[in-house]
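Two complexes, one shared chain (chain A), two partners (chain B, chain C).
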Partner chain A sequence: MIRIYPREEYCTGCRLCEIHCIVEHSESRDIIKAFKRERRPQKRVEVEESGHLSFALQCRHCDEAPCVDACLTGAMRRDARTGAVINDRDRCVGCWTCILVCPYGAVRRDAGEHKVVAKCDLCPHLEVPACVANCPNEALVMEEVPGDGDQAL
Partner chain B sequence: MKSYILPEFLVERDDYRCIRCEVCVRQCAFEAHRYDADEDAVFVDESKCCGCLRCVTLCPTRALTVRRNPTQTPDNYNWTREQLMDAYKQAETGGVLLTGMGCGRELPIYWDRIVLDASQVTNPSIDPLREPMELRTWLGAKPDRLDSQGEGKRRRIEGMGPQLKLETPMMFSAISYGAISYNTCEALARAAAELGTYYNTGEGGLRRDLYKYGRHTICQVASGRFGVHADYLEAAAALEIKIGQGAKPGIGGHLPGEKVSLEISRTRMIPEGSDAISPAPHHDIYSIEDLAQLIYALKEATHWTKPVSVKIAAVHNSAAIASGIVRAGADIVAIDGIRGGTGAAPTRIRDNVGIPIELALAAVDDRLRAEGIRNRASIVVAGGFRNSGDVIKAIALGADAVYLGTPALVAMGCHVCRKCYTGKCNWGIATQDPYLSKRLNPELAARRLVNMINAWSHEIMEMLGGMGINAIESLRGNRLRLRGVGLSREELDILGIKHAGE
Partner chain C sequence: MAIKRYDYVIVGNSAAGVNAAAALREADRKGSVAVFTDEDRFAYSRPLISYLVAGEVDGRRMLYRDPSFYRRLGADLYRGEGVSEVDYGEKRLKTSKSRSFAWGKLLLATGSKPFIPPVDGLERVRCSTFINWDDARSMQRATRKPECRVLVMGAGLIGMKAAEAALARSARVTVIEMMERVLPAALDAEASRMVQERCAERGLEVRTGCRAVSVEPRGGSSGSAFLEDGSEIGFDLLVVAVGVRPRLDLVGDGGPAVSRGILVDDALSTSLPDVYAAGDVAEAWDLVWEEPRVNALWPNAALQGKYAGWNMGGRRVPYPGSLSMNSVEFFGLPVVSAGVVNPPDGAYREIAEHFPDGTYRKVVIRNDRLVGMLVAGDIERAGIYTSLIQEKAPLRRIKGALLSESFSHAYLPQAVRHARIIKGAAGLKAADKGA
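Presenting the complex of A and B:
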């Protein structure tokens, strides 16, 4: 499976990862429509900043994911094929228990009408996730890790 | 005081495209962009824009256009807009005008007036994709005669001094740590190592983290002697005594105390926060004999294992000076032309002092040949190379290799906005601000450098092949393969080339 790693020493805090994440998860996948016409989806990645230190954080797709254990409805589950932790929006009831238990703060409320949660899905439609592909300084890197990612967090 | 200075650029924002993502706001170190929440709009203060195009490059919707401010100053051939603005600036500040990068005045660029030869019918051209093509270059003193001793593998050429082996005749110019960020130094070092060539530390010493690239490092000894100690000399592959710099011949350097961070103070061996002042002359060099003493001191200190280069700015008398440098025992003479870059120089000096590198190179090569000492030193030229065509013409004019400074910075993202001296480089190059310097990822920048030099090397091979030459060595100083176009007889004589059609 793939993992995305931030490299804080090269993150410039431009937040292009957030912008392209929003575009990728929008209805039209067009940047101007996504920001100006449609309901703007919640970003799945967030740049944490303190002084000159910054890095982009998204779901770590934990091997033992607390959000999967905590989910009341089974909406939060691990995709058997890719190993990614994904949220089934149709089954999610918006109880936000996953938000409470996520140690990284990587699960967020989506402001949309369903009150479900939004989290990184590793952009299943793209070869390279949008945040990685659009980072101008290669401060987000994608790595292929063996199996279900036992080396990762 | 009310400023009369017109903004150099206008920043235009296509409001339909702007999504208020504020990338431009966050990326501009000069704070030209500002988001106003009440208006939900991004405003621009154009007087702060330096034209580096960081915002334009990173804007995800291409909503931005930066263009030259079209406001007309009254038509006057003498008092152009630039002259007016410079005078206003000095009237307002009372200071010497500062600038960065190389001279961009309309001096003739001789590279553009020189054309190359190619083989047709009578001598076959060579396809470098099918046949071997040699760009390898050795820098250092060569013996007067080829005498060899020993047998078989132990056979050695007598009198051969230490040599630098370059896989391609291009090196990275001296740019000091302090003028540029550590990440930029690391990118240059990594690229030089990967390309099998050399980069030059400049006068700011060498951080210990970079000693591992020492075999691809030329360490400079300049008038300030910053960071010069035994380990520094040991770490280097070659040493260079910097006498002058093409962008500012005759004057020293000044790294302001604000840029002398803890790491820079350690590397330069000066107190943190103190100004690093390079005197205009070396205070122990007032003659060729003094220079010879320093050359021999450096050779002694490194057990005669490393070539010593002497770098001068191209000035009127370069040829005679170069002859003196060779006779003083230098293995390499480096000459930096008027278009050579800098992190900071007084504008008037950068634009008015020195001579174009093409003429200096031709004069120096001629003089050393005439005196029969051309073999005793290699010639490396710097200052004003923009592409592989310029490089190959320099080699045909007589250079052994070239130093690329500005092209290397451009490969890493520099847009030649000439604001290096502010320390606010938006591309993370000429800055020590940790927020800005991490914008240059050394892995990515090294890859860009390697790509560019490899591309130039391929182009040089193609041009060599076209001339029916299969080794750069065969073109070196071969001015018959050059022709001038639109040059006066005097210029042709100095360049030692014929006019096209001759």
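Presenting the complex of A and C:
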């Protein structure tokens, strides 16, 4: 599976990763439509800042993910094919237990037709996740790591 | 006649039982596994019953795992067949259908049962509880009647969820609570006040600091409750939700040692060899109170089940300990809490703050370690606190930043940040897969 790592020494705090994450998870995947016409989806990556320090952080796709263990409904699970931790929005009821247990603060509430959480899905439709591909300063890097979802039952 | 034998028997098919079965299969690919449940259903999410009543989820979305889960695991599910007797010496059990089975290792994941308080006349009223699917159906039936009056005894998590569900069905709902505030265990006084304010706005009547001394039937499920001050509350449905107790029916003579729940060590192993316990029925080490405790909460049950499954299956992975935690949302106000939210003595330091957006946040510190937290309102990133509690990380320099408005990993020391984000060392440590 792939993992994304931030490099804080290169992050300018421009938040383009957030913008492109929103576009990729929008209905049209078009930046103008996503921001001006459609319901704007929740971003799945967040630029964390303190003073001059900044870096982008998204779900770490933990090996033993606390959100998967704690999920009340079974919506949060590991994808058997990609190894990514993904949330089934149809089964999520927005109880926020995953937010309560995520060590990274990487799961967010997503206002919409029903209460649901949003988190990084590693952009399954893209070769390179949108946040990594659109970082102007290579402050987000992607790595292929061993490991898969063979435990996902 | 030879009786059927399973290498592993799991009694109970909810959070603990289901996660135990999956983990067991990770640790032991071959052993035979059976799961027994007295309910004639596939595993479903008990916390969702209020959503079911309110019509927010349907029967399909109630399911905790796909029905094919058991087949894919190679486990036999005995639905509608509870275990009625266990012979711990002979390693046998008898089911409600009078069938006998032999077992190699046994997991007691029998959950909890509602506590029925000693209220005069309660046994003569057809009252309901609110912990399973059938309870949800009862409430749906009762609230079909227009202007249905629902009285909920107890303003804990279950009582408040029952009240919210009944309100969604347009019932007239009253909650009575013995303590001075709602959700007295999960929340602190300030957060309780915030929740109560929302309840009042939405027409949910909550009467705290009062207790029913008697109830009288008035036909069907209707009746009247009489409070200490002499006032009378009429109801068409009475929901008793004053707490739950571990379901210890199978712990008789020769059973495992019990305190409040079945005592377990860090392998979720009981005082008897080859007998394990997990979930609401178990009393496991609590990592902030530093003593064995029953933490009857879904995420704890799920995690205990997982560690029980691994350890039963021969993969020795120590259970890191339980942590009480709650996530609730009433009428648009989300509140999350973990660990100690109501410190018992002066050994704890509380730092609390209200923010301009209406958010209330509190952290509780003991010996330079974070032992409790509560956030009401903007709950994003609250899990970072939870993980700091679980890791028992020394707070040192970050103490001042804990309550800053955008507290995040950017406020953690560089080395800690690096360890967590790059090495993925946050949260419960990944189990050693080679063990």
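Everything that follows uses one rule, which is that the second predicted complex is superposed on the first by the 147 of 153 C-alpha atoms of A that agree within 3 Å, B and C clash if a C-alpha of one lies under 4 Å from a C-alpha of the other, contacts with A are read in each partner's own complex, and residues count from 1 in each chain.
One rule holds for everything that comes next: contacts are C-beta pairs under 8 Å (C-beta built on N, C-alpha and C of every residue); 3 or more make two chains touch, one makes a residue touch a chain.
Note that the coordinates shown come from a computational prediction; the quantities given were computed from them, not determined experimentally.
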Exercise for review: Superpose on chain A as described above, then tell me if chain B and chain C fit or clash.
Suggested key: fit
Exercise for review: Figure out whether A:D69 sits in contact with chain B (first) or chain C (second), or with both, or with neither.
Suggested key: second
Point to revise | Partner chain in contact with A:V128 - chain B first, chain C second, else both or neither | key: neither
**Study point:** First, second, both or neither for A:M142, with chain B first and chain C second
**Key:** neither
Exercise for review: Considering only the touch criterion stated at the top, classify A:R91 as touching first (chain B), second (chain C), both, or neither.
Suggested key: second
Review point. Hey, in the superposed model, what angle do you get at chain A between chain B and chain C, Cα centres, nearest 10 degrees?
Key: 150
Practice item. With both structures superposed, pick whichever of chain B and chain C touches the larger number of chain A residues. Key: C
Review point. In the superposed arrangement, does A:T12 touch chain B (first), chain C (second), both or neither?
Key: first
Check your understanding: chain B to chain C: minimum CA distance in the overlay, Å?
Key -> 15
**Study point:** Overlap of the chain B and chain C footprints on chain A, listed as residue numbers
**Key:** none
Review point. Which residues of chain B touch chain A in the complex?
Key: 16-17, 19-23, 26-27, 57-58, 60-61, 428, 433-435, 438-441, 443-444
Review point. Taking the complex as given, what residues does chain A use to touch chain C?
Key: 5-6, 46, 48-50, 53-55, 57, 60, 62-64, 66, 69-70, 72-74, 90-91, 93-105, 107-109, 114-115, 151, 153
Exercise for review: Within their complex, state which residues of chain C touch chain A.
Suggested key: 19, 22, 25-26, 45, 47-48, 51, 56-57, 61, 63-65, 69, 72-73, 298-299, 302-303, 306, 325-327, 329, 334, 336, 338, 379-384, 386-387, 401, 406, 408-411, 420-422, 424, 426-431
Point to revise | Touching residues (chain side chain A, partner chain B) in the complex | key: 7, 9-16, 19-20, 31-32, 35-36, 51-52, 134, 136-139
